[in-house]
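Right after this note come the structures.
In the two complexes that follow, subunit A is the common piece, with subunit B as its partner first and subunit C second.
Then we have the complex of A and B:
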């Protein structure tokens, strides 16, 4: 921590500007060179950029919350435009005449105090509460779908690589290419139209919502069963839509690893097959997929908006969709902030944990 | 010959291997036979593509999927009982590998699983062969790592990428003898290493063999390495063993023009060499090998007999065998030993 001589001279003179103090501090403690500090600051800057763009973008959408509601009141009650405007403006927590910059400064100021603000269209409702109400359902559905799809994809992909050029490989390749090619909202529609309406396997109407009405949320069998039942269709959709790409990635990755010397040597070492498949082939083949995993978590959360709308699953996507429909700017901002933070932090998490899986990229203390 | 067969740890008889390819069968090994005795170091020398590696891979049945063993036996003897390696069940084969016969592959750069520590890979090897006492494994591993002149504690707890190429090669050698095998196969053990590291590896190998008394089969195109390490040298040409014998006989009294060609194509220290000869032509197509002696298109001694009939691998003196119709002419033509 010894300071360079030049700094000592400044100290002796007794005069030191704040800028020099900062420079001195950074010279002594080069935190900007610390890997963890750097990627964390990068993450925060990314999120800030997204929320800024979101802030201005939602306000550029045609219509504003007041107009949307005025139109509704006008068609319903047949009163004059001015009357409707006054009523709506009075009930809203939103001043359409404030400049955008003022609003932005207010918004960012609130965020720095970890306050997401309140809804515009239903004043008094805290956005954080709304997100806490809707988000767990989505995490449950997307999380389970993702886990099932990832595990299944890894296993099937490895099987394809082990039995490559067999009938099994060709069949699975075809199936997985097809699964990957069809977008998830088409899967959602197909499930509703096929099993739901044409074959009547389940009651499309009863699948709405996140659990059967009348049940008390809690740790009881009836509620948990119902919650799983309601999440089943979205989960199946997420699995179908993402399984194929996991399978294909895992297949190509495993095929590469199988040609690696260390697998060959492991066989020559007389290791047991199970050990070779898990620790030598599987673990190495999964490395590139792990990086993909964090990226696709963000994508799936985002694409949940459409899927939840299709199945009328009242999760986070449904909330975001509703907020956009009524132009509830603050709610949209809150939801997008959560979405982008999830994306950025899952990437960050992957960066930080990748070293646990692959010692070659572990960050040494010096970097 | 039959006397020695009883004490041979490995006896390869009439081994033929073909690779099935779209363009036809590649006859990678034809009727190879040799014995390996306890503590003996056998060198297989020859050009790239001559079939040296195919022979050694067959010994642990680690041939590529398209390879078919069309004839032959590989008799392996341990503690007085003899087994045919080619008839082992999958389970027996797995146990045979490394515990009885370890193979140190060409280029150790990627021989270790990059995500596991060296320690874990030693333990994996031992545990797969029923040895589960980690403290004992560690003790033996550290002893072996010291034998290959590494810093045992540091290497044992390192990840492979933390080791240099020469260190990996030495670590692999230590791993190779972890289970005290009777046979260690070394495929180009010093290729891709710098000259000083090569020197160190050779010294280490000599040390290890002296202390641990295993038999070595090593594959090389490096004749100086063969001269230094081997007791017996076998020359492989176009999938056939064309000459085999004690190292001095091969180097100072070679009886096959191909072996002689290999020797004269290497510069030597010590005496002036007027001509450094190369062998004209290139190795034959093994899908349609030439009739008769496969070397005749490149051979300065070839006559009509060579084109018609393949010479048998015949005994000259003692245990020196060569497959050539013109051994005498070759010997006469030599003015000075190489």
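Then we have the complex of A and C:
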């Protein structure tokens, strides 16, 4: 490729300066004008901004890791403040007197080396190991709940729209409105108190945890069965808490599509209902929900905090909650990195794939 | 097809749960304490994050002795004989014949290793010690700078750790000068040290494979201390704080908790036939004032506040039967007051019984009067308007603050109560950023002088230690002038735990008690009593009147672990 006619900076010795070389490269390959590159860089900058704000915000929270543990020990053990301080200060890998700027520079330096650091409150424990311990369970439970809820919501929402003003529509609308209005932690508590304690349908203690102790994690039936069993209550809770909004959204979207001309034409052409529902109505009605789903995925990891505490199903939500509670700054930063990355990249994914699902967007983009 | 599959899957899983057999209770003791699961949680109990299990640490890392609170005497556990020698050093002879779960014998080396690690950590006990010497395989001498009841208590309530695990680091620490070359690196090595598995010297051993966020299992360790007198084969340690363990107690899966529970939960448990065990904890909420704020620095005003607040009502409103009004107002619990003060002294104390007339007289005596609205006005013409802060997440303290505010306002003060995030609240006190506040008085410690550490030390100039604020706290001058003369109360509180002559200590404690009673630097409201839920349908322990229940112990001396270590606790169906 021939170089464009740009102002080349050649110094007197005839060697091109680095700045000029970069300018020349950009001029030759204007990647900054590339849509995909631009939104990827934007995503990285967004994550960096979130991490920076988080870094300083968590340090503005009341107390620090040492104070928090001192208070815990004082409450639990009834020893003097001096004893508690001596014990805690010596066992922490944390200097409360270090300047925030120094800490920030260290943090960014470690991050650039892909090192999330070690926990403050459990010195020597790598953040990446902790995240690897907790993250998969949240993805499994919340992800499963989300998927089930989405699929059920789509189906029921379409049925409501198709049979609008019928008894089925009225009943499902009422149910979905009720489901939408009850927050997930209430569902969690109701499940524990009703079927768990009052009716003894299940053993509250045995349902806790992510799998039965003594099993070896891996692709074996015992472990998989146990993991599904332990995740069931959180999954049911997530489904109950989110199903209503998917149903209502799908009903609204489908109702709009049903009034479109091309549906009337399809009916006039005598196409079978099943084909109209799947190829004409369902696909188009789902498009707005797809964007909503992509954005919601970003919330998946952060949405389990309370549920994981209620069911003692320790995943990423518990990890973040615990880290904030004990002011484990490095753990909070690691968790926020995962959260913000998930959120930003799920949006990015939605942007990139929406065109594939909706030809109108693709064509419009090409024009 | 998808829908059918999902519905079937959910039904299958629900039925699996619905018909899951209740975990066999068998010969298992079900108790609870919060812990972190690996990798955050680990088996180095010297380091933050270690799975120590609170008072249940006694079951895998046994204590040297336990104080029997009712008598004031220590009962030997791993320490068979213990006491001061003629040179003022403390000597401990350990019980022989016990072994750790890794097969190593329990010897004096373990005690040496434990205390050498304490030295590396900078633990307080070394402030009184200049060295530690192994006399023979079962005897250790603690070389003391000066004998003290405090040092004795810290030594005896220590949980023993295995030299087979910590000996290497401990030996290297013993060879070093504190703070010298390599000291910090060794300390870091200690905090980052992760034993592969737990090694127990007590009657039970943690089974690493059973650790989950729900619970962990401890199996009988027959060779460990008291391992041969146990009635349970296993201990199941449920994990979690109050809100997490409450359903398990209600469901009868968990049979004993030391978690503080609200009165409504207490009532529900009682309806289910669960016993509530109450023991005084030697501490509770008090009304702190900033002595730099006029006229709260006037003793008459503080005394008037003490008269104006009905402490019985305040305690009941806040914590039901476990909120027991303080009677003697000495800065110590009533139990410690009765144990350490003579009858004559007790009779001479002002108990500040609820009396609005006396409160009125006191304020009038310093030139205060009421304005047209009935609000008190000081001698400068300013209304007695203050802000009272409290940690908003603590339900009982919040109730105490709101009730005290209401009572004082009914009397003619103009107080507004404001909740503060619980981790911020102590920082505000350290930094003197308050007028009135609810904080804790007393300490869960049998040494009476230490009860005063809150008022005279922690909340009075500890900002530098707390890491933030650096303020003067409540701004109380520890050099006080009272009916007994001029004394420095902070020095007194320290001196009262030094030496081993109890009568000499009692004299100092008497001075502390009387001066506190007269000056009321902070106003104790009520003493917190435990409300341990105990399901006697599953656990057999002595009846509620037994003196062992004086051992409330959140950390050391807990009555349940003491009964386990002495082979008393047993299944109810035995």
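Here is the rule we go by: the second predicted complex is superposed on the first by the 316 of 367 C-alpha atoms of A that agree within 3 Å, B and C clash if a C-alpha of one lies under 4 Å from a C-alpha of the other, contacts with A are read in each partner's own complex, and residues count from 1 in each chain.
Criterion: a residue touches a chain if its C-beta (ideal position, glycine included) is under 8 Å from a C-beta of that chain, and two chains touch if they have at least 3 such contacts.
The structure presented is a predicted model; accordingly, all values stated were derived computationally and were not measured.
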{"item": "First, second, both or neither for A:186, with subunit B first and subunit C second", "value": "neither"}
{"item": "Contacts of A:291 with subunit B and subunit C, given as first, second, both or neither", "value": "neither"}
{"item": "First (subunit B), second (subunit C), both or neither touched by A:283", "value": "first"}
{"item": "Between subunit B and subunit C, more extensive residue contact with subunit A", "value": "C"}
{"item": "Subunit B/subunit C common contact set on subunit A", "value": "none"}
{"item": "Complex contact set, residues of subunit A against subunit B", "value": "260-262, 264-272, 275, 279-280, 283-284, 287, 357-360"}
{"item": "Contacting residues of subunit B [partner subunit A, same complex]", "value": "60, 62, 94-99, 102-103, 105, 107, 109-117, 124-125, 128-129, 159, 161, 175"}
{"item": "Complex contacts: residues of subunit C adjacent to subunit A", "value": "2-3, 6, 10, 13-14, 16-18, 20-23, 36-42, 46-49, 54, 120-124, 187-188, 191-194, 209-217, 238-240, 243-244, 247-248, 250-251, 253-254, 281-283, 421, 423-424, 426-427, 443-445, 450, 453-454, 457-458, 462, 465-468, 554-556"}
{"item": "Footprint of subunit C on subunit A - complex, ascending", "value": "61-64, 66-71, 75-83, 85-93, 96-97, 119, 121-126, 129-130, 133, 148, 151-152, 155, 192-193, 196-197, 200-214, 225, 228-229, 232-233, 236, 309, 312-314, 318, 322, 327"}
